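Heads up, there are several structures right after this.
Both of the next two complexes hold subunit A, though its partner changes from subunit B to subunit C.
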Partner chain A sequence: MNIEKNIKLWSSLGMRATFGLIAMELSKKYPDLMITTSDVSTSAGLDRYKNKYPEKFVDVGIAEQNLIGISAGLSSEGFKVISTTFAPFQTLRCCEQIKVNLGYMKNKICMVGLASGLVLGNLGFTHCCIEDIGVLRSIPNISIVVPSDPLELFKVLSGAINYKDSVYIRLTAGSNTRIVNSKDYKFEIGKAIEILPGKDVAIIGCGNILGECLEAASILKEKKIQCSIVNMHTIKPIDKEKIKNIAKNNKLIVTVEEHNVIGGLGTSVAEVMSSDRNNCKLVRLGINDFYSSGGSYEYLKNIYGLSVEKIIQTVLSNL
Partner chain B sequence: MKNKKKYIEIFTKSLSIDTKKFNEKIKYNDVPEWDSIGHMTLMSELEDGFDISIDTDDIIEFSSFKKGIQILKKYKVD
Partner chain C sequence: MKINSLKNFAKNMRKNIIFTAFKAGSKSAHIGGALSATDIIAVLYSGIMKIKKSKTIDNDRDRFILSKGHACLALYSALVEKKILKKKELETFEMDGSALLGHPIMNKLSGIEFSTGSLGMGLSLGVGVALAAKKKKKSYKTYVVLGDGECNEGSIWESILSASHFKLDNIVIIVDRNKFQQTGQNSSIMDLKNLKNKFKSFGCETTEIDGHNIEQIYKTLIDIKQNNKPKVIVANTIKGKGFKLFENNNNWHHSVISKSIYREILKEL
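So, the complex of A and B:
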C-alpha cells in the first residue's frame, strides 16, 4: 500500500472504516486470524471481511461477556483473535471475563474498542467511554494502546497481532479525523514519539485529541512559546524513560486525554514522575470526573475543556 | 460504461440514497449517507455485485462516483 500518498484519504475514512480495511489486509497475512464481534459488523467497517471470510467471522450477538469467552477459547486453540464492539461494551460490560480469561489465564486477544471517549455523545453517556483505560490498566497482562489517527491504527494493529500480551486498542474520534502523523514513521508499542520539538512546555497526549494539541502548539508558537508534543500512544506499558526525560528537561508538562483525569494517561504520567527526582509541574487535562448530559462531540469536548482554546489557556496560565 | 445502470443501482441502494437526490457529480461525504461506514458497505456491495476484490489503495482513492468508474475499469468492470 502507498501509505504516504494516501494519508489525507486515510484520515477522511476515520478509525472505524480504517479498522475494516486493515482487517482485510491482516487476513491475507495471517490465515489463522479470527474476528469476533457483538453485532457490529457494519459499524466496524467489517462487512467486506464478513462476506469474504464467513468462516473466520463470529458474531456472538449483543452478548459481550460471551464475546470475550469465545475469543479466549479461540485463542487457546491457537488462533489469532481480534474482538470488537463499541468501547463501553468491549470493556466495562465484560470486565470480569477480561480479568479472568485474558489477565489471569493469559489467553491473548486484541480487543478493539470502537468510538471510545466522547464521540458518541449524542447517544448519551451510556455510549461514551471515559473509564476504559483506568479500569483495564489495573488488570495484569493487558496492554493499552490509543492510536492518534488512522495511519497509526494501521501500525498499532499490525504490531498488536504479534505482541506478547493481550492488547486493548482504544479508537477515538469519528470520520474525518484530524491528521496527526503527516508522513510515515517507525512505530513500536511502548515507545512514545515526539511529533513536535519544543523547549518551553511539553504537551503529552494520546488519541486523536493530539490534533487539537498540535493546533494549540501552532497558535502558541505565534506567542513565542515553543511546545513539544509527545504522542504517548501506549498507556501500558508506559514509556517511563521518555517521561523521566521530559520531566528532567521541562518546567511544565500538560497531559491531554479524552478520558477521566482519574486512571488514564495523566495518572500514568504522574505515577512515573512521582517516583523520580524532578522539578517539573504536571497539569492534567481531561474529563474532570463527572458525567454531563449528552451532546455532540464538539459540544462535549468544549464543556470538558478539551478544546484548542482551553489547551492554550492552560499552558499560558501555568508557565 | 456498459455496467453503468448496475453501478448506479448498487451505489444508491447500498448507500440508501434517494434516487431523486443522486447525481453523477456526487463525492464522498457530500451526503450524510456516504460517510466512512457507508463507504465500506458500498465497497462490499460492489465486490459482491461485480464479483471482484477491490484493493485497499483503490478503496481509499474511491472518492467520488466518477472516480469509481475509473477504478472499476481496473477490475474489468466496464
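So, the complex of A and C:
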C-alpha cells in the first residue's frame, strides 16, 4: 500500500473511518482476524468490513462486559481479536473483565477505544473519555498506545496485532484530523519520536493534540523560541530513556494530553523524571481533574488549556 | 456398571475435597459450594467429556469452565482422579507460590482452562470458546458450571443472551442450584425465582434435574441434541452435600475443617 498517498484522505476521514479501511487490509493479511464490537459498526467505520467478512465480525450488542469475555474466549482459541466500541465503554464499563481476562490471564486482544478524549463534548461527559489511560495503566500486561493521526493508527494497528501483550489503542479527534506525520516514518510501540527538534522547551504529547502542539511551536518560533516536540505515542511501556534524555537536556518540559492530568501521559513522565537526577521543570497540561460544562471540541480544548493559544501561553509563562 | 464407576469417581472427589480443606487448615477453604457441584463435575469428567492427561495442549479436548471459581476444590479433585494433577499437589493448596490457589489459575496443560473466581465472567469466555468452535468447525463441546448466586451478576444475562443469539448448541451450561450464596439463602439475599424459566425465555433449551442423582445427570448430558439452542441444566443441589454437618449449613461456605471434624466426617464416605 502506498502510505503517503493515503495521508490526506485518511486525515480527512478521521481515525474512526480510517480504522474501518485498515480493518479491510488487515483481514486480507490475517485470515484468523476477528473483529468484535458492541453495536457500533457504523461509528467504527466497520460497515464495509461487516458486509465483506460477516464470518469474521462478531457484534455482541450493547454489552461490553460480554464483549471482553467473548473476545478473550476467541483469543484463547487462536483468533487475532480486535474489539472496539466508544472509549468509555471499551475501558471503564468492562474494566474488571479487562483486568482478569487480558491482564491476569494474558488472553491477547487489541482494544480500540473510539472517540476518546474530548471530541464528543457535545454529547456530554458520559461520552468523553478522560480516564481510560489512568485506569488501564494500573493493570499489568496491557500496553497503551495513542496514535497521533490516522497514518500512525495504521502503523499502531499493524504493530499491535503482533505485539506480545494486549494493546489498548486510544483514538482521539473527529473527522478532518490534523496531520501530525506528513511523511512515512518508522514506528515501533514503546519508542517515542521527536517530530520537531528544538532547544528551548520540550513539549511531549500524545494523540491528535500533537497537531495543536505543532502549530503552537511554529508560532513560538516566530518569537525566537525553539520547541522540541516529542510524540510519546506509547504511554505503556513508557519510553524511559527518551524521557530521561529530554529531562537532562531541557529546563522545561510541557506535557500535553486530552486526558486527566492524574494518571495519564503527564503522570507517566513525572514518574520517570522523579526517579532521575535532573534540573528540569515539568508542567502538565490536560484535564485538571474536573468535569466542565459540555460543548464543542474546540470549546472544551479551550477550557482545559489545550488550544493552540493556551499551549503558547503555558510555554511563555513557564520559560 | 458405568453408573457405579461414576459414583465412585464422585466419592473419591469428596474424599479429596475434605482432605485438601483439612490440609489447608486455618487458611480455610470453600467447602459447601464445592460439594454441591461435585456430582455434576464427577459425571462430566468421568463419563462425558473428552479430556485426558496430555503433554501438549489437545485442541480437540472438550472445554470445561468453572465459572463459580470458588468451587475449585471440586475441579482440582476431579483433575486428580483423571491423573491430570498429582494427588500430592493437593497438599500445596493455598500455600505460598502454589499453582492451586483458592480460585483456579489458568493452566491449560493442568486442565484449568481459565482463571475464574470473579463471578459472572466464565460464561462469556465459554461463549467465546464455543463460538470459536463454530467458526473453526471444531467438534469439541464447552461445558460451563455456574453458581446460582452467581446469576445475580448482570454479565451472566449478557452472555446467555448472546449464546442464544449465536445459536450455540455446542455449549452446555449447568447451574449448581444449591440455593445459597455467601451470606445466606438466595431467596433472602436476591431471589432468583424460577431460574429454568428465565433461561428458557432467553432462548435456551432447559431442563431441571436432581444434581446429586448421578444416573439422571449422566442421562441428561448424554442425551443432549444439537438443535441450534444452548443447553441449560438447572441442577438442584444441596450445599455441602455428602456430609451431614455441612449440608444446607451456610457456615461451611468458607471454613476450616479441624482434625476432629475431619476424623468424624470421614466415616460418612
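Quick note on the criterion: the second predicted complex is superposed on the first by the 319 of 319 C-alpha atoms of A that agree within 3 Å, B and C clash if a C-alpha of one lies under 4 Å from a C-alpha of the other, contacts with A are read in each partner's own complex, and residues count from 1 in each chain.
Just so it is clear, a residue touches a chain if its C-beta (ideal position, glycine included) is under 8 Å from a C-beta of that chain, and two chains touch if they have at least 3 such contacts.
Everything numeric in this text was worked out from a predicted model, so none of it was measured.
After superposition onto subunit A, partners subunit B and subunit C are found to sit side by side with no clash. Between the C-alpha centres of subunit B and subunit C, as viewed from that of subunit A after superposition on chain A, lies an angle of 100 degrees, to the nearest 10. In the superposed model, A:S116 makes contact with neither subunit B nor subunit C. Of the two partner chains placed by the overlay, neither subunit B nor subunit C lies in contact with A:T234. When the shared chain is aligned, subunit B comes close enough to touch A:G45, but subunit C does not. Residue contacts after overlaying the shared chain place A:T37 against neither subunit B nor subunit C. In the superposed pair of complexes, A:G73 makes contact with subunit C only, with no contact to subunit B. The minimum CA-CA separation between subunit B and subunit C in the overlaid arrangement is 24 Å, rounded to the whole angstrom.
On the subunit A side of its complex with subunit B, the touching residues are 1-2, 6, 9-10, 12-14, 16-17, 20-21, 24-25, 42-43, 45-48, 51-52, 174-176. Listed in rising order, the residues of subunit A touching subunit C in the complex are 34, 55, 58, 60-61, 63, 65-66, 68-79, 96-97, 100-101, 104-105. Contact residues of subunit C toward subunit A in the complex are 106, 113-115, 118, 120-121, 123-133, 135-136, 154-155, 158-159, 161-162, 165.
For subunit B in complex with subunit A, the touching residues are 28-29, 35-37, 39-41, 43-44, 47-48, 53, 56-57, 59-61, 63.
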